[in-house]
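The letters A, B, C and D name the chains in turn, as written, and every chain counts its residues from 1.
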Amino acid sequence: MNGNTTTPLLSFRGLKKSFSGKTVVDGISFDLYPGQVVGLVGENGAGKSTTKNMLCGLLEPTGGQILVDGHVVERNEGHAHGISAVHQELSLFGSLTVAENMCIGSMPGSRLRIDWREMERIVREQLDFLGMDIDPHATVNSLGAGMQQIVEIGKALLHADKVLILDEPTTSLTAVEREKLFLILDKLRDRGIAIVFISHFLEEIYRVCDSYIVLRDGQQVASGQLADVTQRQLEALMVGRSFENSPDTIRPVTGSCEALRVENLGSADFRDISFAVQRGEIVGIAGLMGAGRTEVAEAIFGLRPATGDVHVHGKVVPERSVAGMKRLGVCYLPEDRRVNGLFLNRAVRENLSVAAISRFIRRGLFKLGFSGERQATQAVVDSAGIAIPHINVRVDALSGGNQQKVLLSRWMATEPEVLVLDEPTKGVDIGAKFDIHTRIRELAEHGAAVVVVSSDLPELLQLSHRILVMRKGRLVGEFSREEFDSVRIISLAASVDDKVA
Amino acid sequence: MKNTIRTVFTRQKWLPIAIANVAFATLLALVSPAFLSLSNFQSMLVQSGVTAIMAVGMTFIIITAGIDISMGAILFFTSALFAQLMLDTQSYLLAFTAAMCCATLLGAINGLLVIRFRMSPLITTLATYSIYRGMAIHMTGAQNIPVPREMGFLGNGRVMGLPVPIILLFVIVVLGVYVLNHTRLGVYARAMGSSARSARESNLPSNSVTVLVYGMGGFVTGVAALILLARVGGLQSGIGIGIEFTVIAAVILGGTKLTGGSGTVIGSVFGAFFLVLIDNGLNLLNASPYIYDIVRGVVLLAAVVVDRVSARRQEQVLSALRASRLDEASSSRCTRGRDGEQALLGQR
Amino acid sequence: MIKALSDSVRSYPVAPVLVALFVGFSLFSPYFLTTGNIEAMLTANSVVLIASIGMTLVFLMGGIDLSISTVISASAVIAGLVMAASGSVLLGALAAMLVGLCFGLLNGLLIGVLGLTPFITTMATQLIARGVAFVLSKGIAVQGTPYSMMDFGFLSIAGVPAVTWAGLLVVALCLLALTQTDWGRHVMLIGSNRNAARYAGINVRLTEVSVYAVSGVLGGIAGFISIATLGNAIPGVGDTLLLIIIGAVVLGGTTMEGGEGSIARTVLGVGLLSVLISGLNLIGIAFYDQLIIQGLLIFFGTWLSMKLSTRRH
Amino acid sequence: MKVFISLLFALAMSAASLAQAQDKVTLGLSVDQLFESRVGVNNAIKAEAEKRGYDLVEVVADGDAQTQNQQIQSLITQGVDAILVCAVDQNTIERALMAAQRAGIPVVAYDRDLPDSRVVAAFVGPDSLSDGREAGAYTAAQLKEVTGEKVVVELIGALNDQNGIDRSKGFREELAGLDNVKLVEVPTDWDSARALSGTQNAFQANPVVHAVYAATDTHIPAVETVLSDLEKLKTVGEEGHVVVTGVNGSNDGYQAVLKGTADGIVVMDLEATGQTAVDLATRLMNGESVERVNVITGNFYTTDDIEANKDTIWGAK
């Protein structure tokens, strides 16, 4: 497979990256030979993106060596060394054509005239090379996600054609599109391009790659030929032993009083979603990015249109809306706190009180004013352990963990009986994560029904009474606490076929 | 078939306004036989000339997601400078060169301020509007300055039977179309308006493009200034002030969105022409001159509402496409797969 | 103490400049600090003050209302016509507010519900309002305005013109609404992050519609006040005001991106522009040079307050 | 910061110059907007004031009625001895003028009358009605020979301006004597660009036009442009010549008549207007009584006599 070449295109020796003294990734060492496809796997937060960014030259490592064609280089120059990357968020221009997108970095022709024929030739050649029949004149907006992905790959390869790094290229693709992509990757491999393939889907890794690197907690824990390991072993390597058994410090659900029931919820992004949550129960929803978990959560709150019913405390909700749900004691903590959660240029005080203003203030004459808000929010800040200089500081000045606590406290203040928490600990430090987990448990113990959507499987294993697994817009599995098995859950969430379940 | 039509419409953004032009013109022709003469047609083209020429520049600016409120003031200042220099020096060469350089410079200054101070283009050009206008009146003392008779050539001379303003319009439009579609500048401009983030990640020379685009806006305003000056017969204090809103309206009618990214020069020219058609029609109907504003406002509103509604429809198509992905995931992959493929192919 | 002072200077960067200009003009022109001049300044700027408050609300919510200037004209004309026909000042005031409300609702529905771009939408309604003003008045001042309107314009309470009191009343009411009610809080939060507001259960559409409606009503009140200050309703009264209104708001430090700024800042912005114009007139700067100075002030003033507010954090 | 420093410097300079002018007579000049003929009268006023040793404070409202009110107030505050005013809108200035009356400052309106004002002691300016009549009479005489429908394009000034209204009224009064006249109105708001496109449309809608009347002769070059577009630009006496008349006396009008493309213009006597304005103010200051309305009638010059009268035409260059 590796051909006769003996010098690796690219080698890494003990790569290390620290951000302000905190080591995120350490000990990455591997060689890339022409025609080799390496699968880079690991759980969320294992350090894949950091590694990727060091590989393609976006980040400078704090330690270790990089060798290009066998020679040590001072800096990873990315393109100049023939390395290109396709990131998860594509850097395409929607209103430009395929050809323009692919050639935007170096357009053929002179300053005063683009040589469209030459550009079309280059693009056609590239597309032919990729084996794709895409109209170079179509605008990128008019293409499906799969085609866009391929355009981005074509663009990347035009700039640098020795090493291609693909970060989760299949999350938004259909099966057909994915299959096309794999054929292209096969072709590229046959032409001697080295590929680093980052994915959650182990089937895909087995389909595309010949070797693997497993990252866990920023460490390279294993590497080798895929032929030598089974998928199950690989999954075990990713998850690690420490999370194999979840702590049993969780109080079981007492009684059975249904708080939230979702029936046949369906939309463009998911189908046939039905589940129920008891009071005092914590239900985790696992799944990969793009599985439709957030969409379901948003549909429950009327934030996106969907068919089907939602029942709260046994009664059907006639018209779903955030405000209406709030009145019923149901709240939603959105996934992306910067985009959908926080009012970044407003004070912590306002961010805290927005969802339950009447609980924070004593309305004076004519129902005016916000008196008492300062003290009440300060009390919340103190009890939630949010570290801020003063209550009127802008929320964008806070650390991620404190921001998340602000957001959580905002919804806690509504004294909800049902909570839907979407990625409640994404991007927060360990301490804050622990605090947030404690609060979630306390809530459940006091009788609240909690749904936790998370990509962090260990978190779900620790917190939940029950875990639902979503894949491609459908519920594909359910595990009660006794049945928890991280490897099975991952393989269910990441499998391509339904059979695995 | 229906699909092809839709594709053509979504790709050729100038088509709707072109069709609106033709439809409205047909209507006017039915109402009034005088309408359908060559000379009336020429006259309307000439009338739309100044707006259309400026709209070419404004199109570029709006495509990069910018805006230039000071264009009218640039027009005023440039006319003033030209007239004043002609009066003082009698040198066409000097006056022309100075006026065109100055117009381009004033536009470029807008661009420089936008990239240097990172304030919204609206506020930036609002401030320069006031400054340029003040400078113009300062220079002339609000006097009218006549321009020499020969200057009239620019306004109503003919070359090979064609009025000079139309020729100039034609040249500018051709240049505009060329630059937008066949040079890096044009591609970069569209790219910047399409996604500022991608532009950063792709290392596009955003700063120079911004300055160039605003500079071009200034340049075409200079051309428009000279034509208007020649046609009106001399500098009048305040000439051109307020024209920027007509120009923006023309660009928007032409299918260019304020959010940037896409747009066509041809569409903007049609937009400018449509505004003249409206005037012409109202004139034929002997409508009160004060109705004009109302009709223009309503037409502009109608255009954006139609645009918004069709955008919604497109969103629905996209979400239906997403939904088809769900079906495919569960049912037999083989047949579904082919459907999916067809859906993809059908899109282009 | 010094920190508190520097903090408030940062929140109101315009304040020291305003004080400096005020002191400067008072020193250099013996006429600046006279009751006559101050009174004239207050009277002439009451219309701009009221309209600027409307624009501020829209800016705070992350929008823009270009139509406010000609809504002033349209409501002035219609109020004038109503007063001429009925002889009732009260009916005129109601008519002005109603006209403003209609245009505001139109803007609000198109922007908040249909999702159109504020700039283009209000540019179109600006044209429509202007047309309405000119069509109804046939281009000339409305005849037959009751004399009581002019008396109102002359009326002075506690040394301050009644029209200014009206402006201050509007300021106070809007200040109250913006800082002391849920509605005001929602306006600020929508301006800060429209998505987050939706996810927090705020009725974004309704708030947007209401803000444009309020902006329209304020335009209507400004139109009515213009009849008092001018003695007559003229269709062109708002035409020249748009740039001054936007200038005053951004100069005060309310950004167009939304969520940042305040009514107090706009009051300072209006104050600064009026003091500047009045002072420059008094010291004999030609009006075209005033335009240049105004432009520079709007540019650098806005830049400065933007800088200071980002450095604060 | 530099801006403010230089601003303060400017302040200091002007304060110094202000300080000297305490005991002289000071005239306040409140201008609606700056454009050519207005600047012409203003210059005449300034020259006359200087001749008499008066000081003069000029303020310009830039078309904003509110600003003009404020500026007049500030003139009153500055203690000017008389105010000369040309109103932005004749209906919206009474307020400020009443304050002047209370302060005992006489007010003279120039160029634009304030017919309803209870304050203005005197008006000096053109007799727009008669100016319009002169142009109308000439046009009517020229069209007498025309058989069939007589098409006349009229470029009307701003409709909120008494001068514009009267110039139109006078013109039409004279035309009433002719029968079978089709009058095509082109609103211009005194704006040449609008005049241009309006004229163009009018000529398209009416292929045969016999006469054009411009409420201000600064629009005549625009009319020439349209005529030349249509290859109808003929001088007086040539076959197919369109009768063109106007009111004002700007260089634009003068040149057109000189060339013969226009038949004649009514020239306002700005010099006399300015002198009379200052004279009226002086007499009012001295407590003399004056005529309420002082019109300075314009002179109609045609191609025959315009060159000879160049010196009396304010705009002629």
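The working rule: a residue touches a chain if its C-beta (ideal position, glycine included) is under 8 Å from a C-beta of that chain, and two chains touch if they have at least 3 such contacts.
Here the structure is a predicted model, which is why all the values come from computation and not from measurement.
When the partners of chain A are compared with those of chain D, the chains appearing in both lists are B, C. Think of each touching pair as a link: the shortest run of links from chain C to chain D has 1 of them. Measuring from the average of all protein CA coordinates, the nearest chain centre is that of B. Compared with chain D, the chain whose C-alpha mean position is the greatest distance off is A.
One finds 36 Å separating the Cα centroids of chain B and chain D. Averaged C-alpha coordinates put the centre of chain A at 42 Å from the centre of chain B.
Averaging C-alpha coordinates per chain places the centre of chain B 31 Å away from that of chain C. Rounded to whole angstrom units, the spacing between the C-alpha centres of chain A and chain C is 46.
In chain B, the positions touching at least two other chains are 137, 142. The residues of chain D that reach two or more other chains are 34, listed in rising order. Multi-chain contact residues of chain A, defined as those touching 2 or more other chains: none present. Pairs of chains that satisfy the touch definition comprise A-B, A-C, B-C, B-D, C-D. Considering their complex, residues 113, 117, 119-120, 122-124, 126-138, 142, 245, 248-249, 252, 257-259, 288, 290-298, 300-301, 304-305, 308 of chain B touch chain C. Interface residues of chain A, counted against chain B in their complex, comprise 90-96, 100, 104-105, 107, 111-114, 116, 134-135, 138-139, 142-144, 146-147, 174-177, 179, 267-271, 471-474, 498.
Those residues of chain C lying in contact with chain D across their complex are 17, 20, 24-25, 27-31, 34, 36-37, 39-41, 43-45, 47-48, 138-141, 150, 153-154, 226, 229-232, 234-237, 239-241, 277-279, 281-288, 291, 293, 296-297, 300. In the complex of the two chains, the chain C residues touching chain A come out as 176, 180-182, 185, 188-189, 192-193, 195-203, 259-260, 313. Touching chain B in their complex are the following residues of chain D: 34-36, 38-39, 187, 191-193, 196-198, 200-205, 207, 218, 220-222, 224-225, 228-230, 250-252, 255, 317.
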